[in-house]
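In the two assemblies presented below, chain A is common to both, partnered first by chain B and then by chain C.
== the complex of A and B ==
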């Protein structure tokens, strides 16, 4: 009875689960840049590069999925390295604008090199639609698992501490010997590698890539994963991706009004939990106050309480 | 390099912001093991000079020699790794982090094993992390602040934040420590305590350049004092000498109280 029920659920929601995992990877891709204080919207563009490179290799050279994934990630990573050198001099909203521009360049590029010397390359606006389905659920679970391992290990190293220091005050970080430019470039390239790999997995999951899938809307959607979930620890963007991928499916009964819900959830999160759902400081406070009557703010304890 | 050569040597350091000369031909030296005071009315260019030395601002002309090498055009992170650490006029701790995390960052230049060795779970990295935590604990112990190790920096009492910021700078084992008005906002007894703390730090072999308004603290700790006014050095000598220098008295009394 129960197994039957669970199997049914799995069959219905399997593809949503797969999309949520790809969303998680993309959320982690933008998280690593946010963590160093960079507002980059380049992840969708990197995903597009990865998807096309991986798909073309699979179609023309019949490469195994792993090779396509590595090649797609590497292509995005190299572009990320080259792009990062000039644009990472910008900060705040200027960087956001520059990276949106990058996404548009990628989109228009893919749209216009549809064929070269008579050979079909990207297929223009029609995209590529004869990609074999090679991505299995366990590939994605393993991929996200490896990313989690990556971030846990970064957290436990001087690299992770340097990222956090740069986000909080990059002048102070620099005067402590942290090479801000180098660490930001590292974060940007990691972001590109992750998004590129996610693009290849996505292309081999949906059999299909087209330029418009990865445009401005894609970039903003990825950003919302990190905004809703939070970008202070790696769990945040994963939670955000799962909520924002599953919510529309669970709310099918709302019909055409469904897309509104994501927007409303996002607005509520920004107002009430501006640091995202996974905010360690917020939950620590909730935990400390649990069961206690309303008490004075817990902030003043530290100076006197210590022996 | 002879051991009695000065640790820091400024020659004709000039800094223009547009048409304004924030620093004009500033030259002086700090001997190893000395505590040098840097005083002057508000807007005299004291903090700008600290920014130039630590690499947060680029001088327009002039040279800065440190420990025998030219650091004039080096970026801040390179200067830090050569052994200059600093604090800020308005405390700039990483407020969301614990005291320990702040100190671990302060010791960034003394660590080597980064992301790659962490990913590969190299024993070298684990050893280094353990050593790092032991070192910061020992430093806190020495400075009598071990009880604050796990406190969130932004939640500490004001005086403790000042102290932790200095300790964070010390975590780098600097040769030269730059302090920007460490007594700001402290009462008389706290300031006196701070003075003893600074002398302690010097006795551990650290050379110190300190910006300060409190003349009692200056007399208590400084071997030498440089007086800046409108970006120029107007006097230099022992605390007693500069306090009786008519130019200095004029600079202070010729304008409104700070």
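== the complex of A and C ==
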């Protein structure tokens, strides 16, 4: 009886679960850049590159999934390296804008190279839609598992500490001998590799890729995962991706107004939970205050009415 | 051929410039990149459309309604998405993220209210008159759009240079803290800035809706991304720069399509954007001091 029930739930929610796993990988891809203090919206563009390269290999050369994934990730990684070298000299708003521009260039490119030298390549606005379904749930579980392992290792390494130092203050980090440019490039390329691989998995899960899937809206969706979940630990974007993938399923009754939830979540999270849901300091504070009488509000500290 | 393209570049450029003005104004005064500006633009177009179709207003009154509606929407946007962050001294990037959230909300509200299909102004909103001069054809809509945009831009420049509020706005742009020490009501100036910026977005929404005869909840996204290219090209926060860059980008696109290829029309803006960022991040009219965060 119970197994029957669980099987039913699994059948209903399996695809949502798979999308949440892909979302987790994408969230991790933007997490790694946020962790070094960069707001990059390039993940969707990298995902698109990976998806097209992987799908084209599978369709034309019948490569096994693993080869397609590696090739897609590598293609995105190489583009990431080439883009990062000049673009990472920018910071703050300027970097965000440059990466939005990159995403649009990728989208327009994929839209328009459908007919190069008389051969169909990307299929233009229709995209590619004869991709065999090769991604299995366990592939995605393994993929996200490997990423978690990678990030746990990074956390315990010199690299992880360098990332955190750069986020907190890159001038101080540089003065302590950390090569800021090199670490930021590393983070950017890692981000591209992860997004590229996620793109290939996604293409072989949904049977199709089209340029508009990965435009600005795609980039925003990915950002939402990391902002809601938090970008201080790897668990953050995963939690964010799961919540934001399952939430719309539970809110079907809202009909066309459903995307509003994403916007509301984004604004509330950035105002009231600027460090995300997965913030150990916040929860530790909540835990410590449980049962105690409510403490008086802290004195106003440095809340200058900045314009 | 050349003159026709020039005419096209001029009226399209005036709409780009008008849109980008408000975009860059908010950045100049508040250091906020308001990615919900395109959504306000779209709502402005719908306000104008509703005024014409539901209230049977003439187009000039509908334009005023659209500007007023969009302006008020801008003030609400500030209250909901930006003011709480200012109070918390949140980092600059938080405001971008918050504006993205606001944009999502505004677009899906419009999608719920008006559906995803394309609406248009009734055909008799403006007489479908065409002027011809030799090989050049100009429609009445294009002439009006161009002329009224120029008037609005001139009004904004005058407002910034001459009026008390405009001067206060420039002072706040220079430094909010010093302005408030000098007795300027910074909060009021911020509200004014959002109202003016959004009203201009609303006007450009009506203009583009009239000229392309297509209004949809998604019409904000393309111009918002192009607007980014315009304000970067003009120098972030630089009002005259945005006007010049609006015309430049339109000319590049129009002549690029006419003489090179139409396939990559939309890529032109972003290639320009990335190149400017890499070569001269302060924009064409920007000062040498870079405002990188």
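The rule we apply is simple: the second predicted complex is superposed on the first by the 294 of 307 C-alpha atoms of A that agree within 3 Å, B and C clash if a C-alpha of one lies under 4 Å from a C-alpha of the other, contacts with A are read in each partner's own complex, and residues count from 1 in each chain.
The rule we apply is simple: contacts are C-beta pairs under 8 Å (C-beta built on N, C-alpha and C of every residue); 3 or more make two chains touch, one makes a residue touch a chain.
Quick caveat: nothing in here was measured; it's all calculated off a predicted structure.
Looking at the shared chain after the overlay, A:172 reaches chain B, while chain C stays out of its contact range.
Judged by the touch definition given at the top, the superposed model places A:91 against chain C, while chain B stays out of reach. Using the contact criterion defined above for the overlaid structures, shared-chain residue A:158 touches chain B, although it does not reach chain C. In the superposed model, more residues of chain A are touched by C than by the other of chain B and chain C. Overlaid on A, the two complexes show chain B and chain C touching the same residues of chain A, namely 302-303, 306-307. Against chain A, the residues of chain C that register as touching in their complex are 29-30, 33, 80-81, 84-90, 92-94, 96-98, 100-109, 111-112, 115-116, 172, 176-177, 179-180, 186, 190, 221, 225, 228-229, 232, 236, 263-264, 266-267, 269-271, 273-274, 277-278, 281, 292-293.
For chain B in complex with chain A, the touching residues are 54-56, 75-77, 79-81, 85-86, 88, 92, 94-97, 101, 104-106, 108-109, 111, 113-115, 117-119, 121, 125, 129, 147-148, 151-152, 155-157, 160, 168, 172. Across the interface of their complex, chain B is touched by residues 149-150, 153-154, 156-162, 164-165, 168-169, 171-180, 186, 281, 299-303, 306-307 of chain A. On the chain A side of its complex with chain C, the touching residues are 39, 86-87, 89-94, 96-98, 100-102, 104-105, 108-109, 112, 215-217, 220, 223, 227, 255-260, 262-267, 270-271, 274, 302-307.
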